[in-house]
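The same chain A turns up in both complexes below, where it pairs with chain B and then with chain C.
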Partner chain A sequence: MHEIRTGFGDVLKRQLELAERNYELLADHGVRAVNVMGAIGSGKTTLILRLAERLRARGLRVGAIAGDVAGDDDFKKFQAAGLPSALINTEDQCHLDPHRVRHALQEFPLAEVDVLFVENVGNLVCPADFPLGCEQEVVVISVTEGDDMVRKHPKIFAQTDVVTINKLDLAEVVGVNPQRLVEDYRRVNPHGRVVLTDAKSGRGVEELLSALGLAE
Partner chain B sequence: MHEIRTGFGDVLKRQLELAERNYELLADHGVRAVNVMGAIGSGKTTLILRLAERLRARGLRVGAIAGDVAGDDDFKKFQAAGLPSALINTEDQCHLDPHRVRHALQEFPLAEVDVLFVENVGNLVCPADFPLGCEQEVVVISVTEGDDMVRKHPKIFAQTDVVTINKLDLAEVVGVNPQRLVEDYRRVNPHGRVVLTDAKSGRGVEELLSALGLAE
Partner chain C sequence: MHEYSLAHSLLQGLLEHLEREPVSGRVRKVHVRQGELLILSQQALKEAWHILTERTPLAGSELEIERVEVRVRCRSCGYRGPVPRVEGEGWHFQAPVLSCPRCGGRVEIEEGRELAIIALTVEEAPAGEVDPCDS
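Showing the complex of A and B:
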């Protein structure tokens, strides 16, 4: 393990450089990108589809990149919605990294989109360590995960300035108080914005768009 | 850590050796250990508590190790239930590894337990790569995660012979057909056992105990 620890700082530095190059590539094409993180099943895909509907209703062109360990379920959903989209299967890797995202961006029709959602692998730990070069980041929590999500993963919440607490309509059924999550988040990130959503019904999606600076 | 491909084979070999030492330590004390894996919020803790109740009703002594990136919510639940228990906070690591588990075992009152549940970090990717030395492994899925969980993580399901599909009572509310998960699992692991549970109500817990070889 020792030699790996020695080299890990270099790996992170390299990731940051790659992320910066992605940021520039996106900026060159006038694309605003959002890194959408959150655990498996938190509702990231549905939320992206809802956000995309509202952006397209405003005349904006929206694309999506689906990041998953395996499978193409989310990618197919983006395609079915008519979004220019790409799939990144990470195989053994539990997070997207800027190198893989760069390859996807290089083949993506960036000239045809204004907003690009990058759906990260479902995981609340490692995506926090790998910036992708997106101008915005959001973490999606589902109330079905329990009220201890923030306490269990303080790092990703401390460094992410937009959080959405999703599947709000199930809060009562699962006996979770969303305010507990809100309070825990404010404790680790007093300046962050937190939005309550229910992606299926569309509740809160407009506020989330606003929190991401995409509403205007 | 997974980026560092050079040397990773050696790391895995070392992990396997450490896992074997844990296995021997547990066997020396006559402790049967179960590595409980699954995504965040899949219901691992509640399921362990239900299994523990039934084992204790049979006169068996049960302990638990709570693995989390941060926080002590699950550990406190084990303590409140009167189980000898330990907490492993992995900080930046998205999975338990046999080295950390070994340290926990060395301080654990192994002579006072017959069955030990080791609750892994909530993540469906990396725990698959790190054997802990437990004689049994189980992956917990919650229906609230969607019906694509197995397709997105074939590896962990292919190598784990007991799977439980939990929060069954919410299947209708979230519009997920558990049979889809069962079929996907059978496709990647034809010899595995799959049990439908609802940990909160106790439904299916007896079958799970049986699937884990702990019912007799």
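Showing the complex of A and C:
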């Protein structure tokens, strides 16, 4: 037996290169993109719709890409709201990857939007490993997932600089203290920004826009 | 849950590499570095490798996975090195704190997010033996 050293093939570096090409494509069109991650049912779609309303009220043009394993429910919501939108069905892949997003971007009317939300597949694990080339990333947690979510998945939170704790109106009903989530997040990511929201009533949405650098 | 797609990327990369730079003999071990920030099951990655390499020249080879801890570079004070971890009851991983341990500044990750093949262990075929893959 003998050992041969090789210096090739970091497969994640390859993902990063693809993501950088997406970043450049978006920048060429002056589009600011946000990768919205979070568990199934955390409220990603509703939050995107609320953020879009406020941005449009400021005269900005907003688009959305819906990433789902299958089905077009979220895509239809974006369409109904009048947002230029696209659908990526990952066919059972548990996350969006930069290659699929690239194809969607190539078809997308990028010249018609200023801000683009990319809603990732509902999953708090896998999307963390795949950069998409968006300038901002946000993880949405809802209080209904329990106040130990950050402890259970510290890796995604340590690497994401904006977190929103959603469905704040239900915290009391489900007996969850949102402050525990906030404190846990600050421990793994002292530089991150955390915003408490209730997408249904619109509470905290303005603050979230500002955390994402989209408030100006 | 994305071990198959990553194992597939590793395999494609290695097969292409071996086409350009063939080795004499059978590859027995494939040494991989895995950054600790990746949310991957090593067991699932090994199983995926076992299944995906069937009927390829790499059939029978095994992944040897080395876990790489996070190392950062501070954007403010220039510190380079490891970071402290959050530990305690209820924390399911020893999560690295992505902040400078010296000045508290923002950091860039230098190591801890990679998944790369770094070496191969090759068993030379004894003289005269026919490689079953060539027949």
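Keep in mind that, in the parts below, the second predicted complex is superposed on the first by the 207 of 216 C-alpha atoms of A that agree within 3 Å, B and C clash if a C-alpha of one lies under 4 Å from a C-alpha of the other, contacts with A are read in each partner's own complex, and residues count from 1 in each chain.
The rule we apply is simple: a contact is a pair of C-beta atoms (placed from the backbone, for glycine too) under 8 Å apart; a residue touches a chain by one contact, two chains touch by 3 or more.
Note that the structure is predicted; figures quoted are calculated from it, not measured.
Touch criterion met: A:Lys13 reaches chain C, while chain B stays clear of it. Once chain A of one complex is fitted onto chain A of the other, the partner contacts of A:Cys126 extend to both chain B and chain C. Legend: residue contacts after superposition of the two complexes on their common chain; A:His191 is shown touching chain C, with no touch to chain B. When the two structures are aligned on the shared chain, A:Pro154 is found in touch with chain B and with chain C. Residues 1, 3-4, 7-8, 11, 93-94, 97, 123, 125-126, 129, 148, 151-155 of chain A lie at the contact with chain B in one complex and at the contact with chain C in the other. On the side of chain C, the complex with chain A involves touching residues 1-2, 5-6, 9-10, 13-14, 17, 23, 28, 31, 35, 37-40, 86, 90-93, 95-99, 104, 106, 109, 113-124. Of all residues in chain A, those touching chain C in their complex are 1-14, 93-95, 97, 123, 125-126, 128-130, 148, 151-156, 158-159, 187-191. Considering their complex, residues 1-4, 7, 11, 14, 39-41, 68-71, 73-74, 92-94, 121-126, 129, 142, 144-146, 148-149, 151-155, 167, 170, 173-174 of chain B touch chain A.
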